[in-house]
Amino acid sequence: MFSLTVVDHIMVAHSFRGAEFGPAQRLHGATFVVEAEFRAPKLDDLHLLIDIGLAKDELRKILSALDYRNLDEEPVFAGKNTTTEYLCLHIHGLLAAACQDGRMGPGGAGVTGIKVLLRESHVAWAAFEGPVG
Amino acid sequence: MFSLTVVDHIMVAHSFRGAEFGPAQRLHGATFVVEAEFRAPKLDDLHLLIDIGLAKDELRKILSALDYRNLDEEPVFAGKNTTTEYLCLHIHGLLAAACQDGRMGPGGAGVTGIKVLLRESHVAWAAFEGPVG
Amino acid sequence: MFSLTVVDHIMVAHSFRGAEFGPAQRLHGATFVVEAEFRAPKLDDLHLLIDIGLAKDELRKILSALDYRNLDEEPVFAGKNTTTEYLCLHIHGLLAAACQDGRMGPGGAGVTGIKVLLRESHVAWAAFEGPVG
Amino acid sequence: MFSLTVVDHIMVAHSFRGAEFGPAQRLHGATFVVEAEFRAPKLDDLHLLIDIGLAKDELRKILSALDYRNLDEEPVFAGKNTTTEYLCLHIHGLLAAACQDGRMGPGGAGVTGIKVLLRESHVAWAAFEGPVG
Amino acid sequence: MFSLTVVDHIMVAHSFRGAEFGPAQRLHGATFVVEAEFRAPKLDDLHLLIDIGLAKDELRKILSALDYRNLDEEPVFAGKNTTTEYLCLHIHGLLAAACQDGRMGPGGAGVTGIKVLLRESHVAWAAFEGPVG
Amino acid sequence: MFSLTVVDHIMVAHSFRGAEFGPAQRLHGATFVVEAEFRAPKLDDLHLLIDIGLAKDELRKILSALDYRNLDEEPVFAGKNTTTEYLCLHIHGLLAAACQDGRMGPGGAGVTGIKVLLRESHVAWAAFEGPVG
């Protein structure tokens, strides 16, 4: 299995509902360094898994809807805790859709799995990996 | 599959038995930066995989039994080479038990796999991953 | 010149005033990984620059007043942009005071300079370095 | 499953054929930080997965055939784009062979999988993972 | 003294003249991760050292003249060894000029020093630091 | 001012005397990732600060006297606490001597300062910087 990973980051504000979160129930924020890993069982004739320029551009487009925002006020997250784990799932869905609808180019059609990993600090991160299609 | 990773570290002394180890047969030491990755197929209603505070605390308790010690003198390792690989397995077992006996909270009951990775330097590390339960 | 550095982190929300900030005028957030470097021209008889345990504890106390908060609502920052550069200066002042009033132990009295570096992502950071006393 | 990873690096020149590559069609270069991960279901009696000294030496030998070279002029790559993905596959094949023909010692015979990951910068990397034998 | 650092990278081919370089006399290449540190004794009224957006953009413009190229064929480097150390000096001069001629905005006029650091791998890097103006 | 940095590491055991050290009074160990930074105001005609191959080799020779050892039993450290700070000073002296007695080649004679930084974990490090000659 091949994989290709590109990295970007977002800076967001949010808060959590639930006593389990302790001080994180207060409005706070995070830099999430985002690693998007695309997996495919084979390469194309150029020896590419996916067009890395397209992958970076599509990742940036997806992240721009989150970047420099208060996630508590984004309708897409209404009533949902935007934990690191959940944001991984959210971004995974958008990247998978981009692969399937052609925005990632021909290489995107060959992507069989995606792993999205968000580092919230040097000592904690979360990820979601799942199939595409 | 979701995953959540927390990081801690230990500083230990030890030596190895076996000519294969060369100079590492002498008493020496290591900083092991420990990455504990918890895996689960779904999140709870709060969108958490596991309580990150509990995960850090339990990892610390487990590591405290090793930290600032000469592993050659610890009864639990009597007659055993405490290689990086083996320490991963050792810590994996203790973390899995903590998930199963409730010390990790309700989230711990949903953990289906754990990966323990120990970095011994910037150029070498080992890991053990296995199921829980 | 000797130096000793300890690392911690905070997760905060804030916004900036000024058209120069573009999208960062919106309420957003950041993880700041904080590196506190203490400098001294000599070590004590134990070969220590400063008690690393005290240094970590005092840094944590100082950071706890910022951690998991919306800096826009903190009185100490009223009317001030909490840029990465400015937060470095702010933390520097508090660490210098801790060295001077004895909270860092005898080693703190020998600290002649402090550098505070805040990483806001893997591709941008700021710092302030200045004398103590 | 256990794993052991060793790290090395190469500095190479190359160019790519195909309009998709944009400016990377020009002769340019890269530092590839190479992470070679060896996987095995069990450890030997010494608690080792593989002799780490042999693993480093064999990885270095394999990389020396690439290091400080213009890959466009290497016969083994004639007519092939030496993308990061493809180089991972290439190195994987050579490491797998080293395990199988005894150059990695008895531990090499127990290696069931290898993952080769090449970091081309702090924001992009590729990998190939596959079975041995 | 305040500082602000932004990070970018280039991928170049080159070769060195001189027996001292050993195998690096062959055409090879490198990824240079470039850290540009701007220093100033004070911040502006917005609490900024320099406009980080302008800093990133100007750094990218300067690096674009080097990126994805064979430095042996660039007229600006004719007869010169493009060592990591020398590239730091080269980029330093261009960044200093950008500060002085207004391309970095008002903040650039307050920059008194710049440090350019190029990482050629995880185990080697070089830097040049010097005054501006 | 130019600088060139090379990186290596050692794995040692040691213990500390003094109640201030708490649990670190027990025999324990550390991986120290060693960054040796050589500084010089100018480069030679080849655009080198120092021969990087010689720098790596001399650093390794110096570190080999410490690597895989119990520092408590090394005569050179008798009666001395081998804190991270002190080890920086110790290695600094040996590197400075290597520059001055010609073991670093002609470039070594031009080195005016050295900084030795030892990372003991991902969250703590120490350094000593001082002139040469």
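The letters A, B, C, D, E and F name the chains in turn, as written, and every chain counts its residues from 1.
Here is the rule we use: a residue touches a chain if its C-beta (ideal position, glycine included) is under 8 Å from a C-beta of that chain, and two chains touch if they have at least 3 such contacts.
Because the structure is predicted, anything quoted here is derived from the model rather than measured.
K.L.:
Name whichever of A-D and B-F has more C-beta pairs touching across its two chains.
P.N.:
B-F
K.L.:
Name the pair in A-C, B-F or A-D that forms the same interface as A-B; by residue number, over half of the contact pairs must coincide.
P.N.:
That would be A-D, since it shares over half of the contact pairs of A-B.
K.L.:
Any idea how many Å lie between the Cα centroids of chain C and chain F?
P.N.:
27
K.L.:
Whole-Å distance, chain D centre to chain E centre, using C-alpha means?
P.N.:
30
K.L.:
Tell me, which residues of chain A touch at least two other chains?
P.N.:
7, 122-123, in rising order.
K.L.:
Given the complex with chain D, which residues does chain A contribute to the contact?
P.N.:
1-8, 43, 46-49, 51-53
K.L.:
Which stretch or stretches of chain F touch chain C in the complex?
P.N.:
Residue list for chain F touching chain C: 16-18, 20-22, 80-86, 88-89, 122-130.
K.L.:
In the complex formed with chain A, which residues of chain C make contact?
P.N.:
7, 9, 11-14, 23-24, 26-33, 67-70, 120-123
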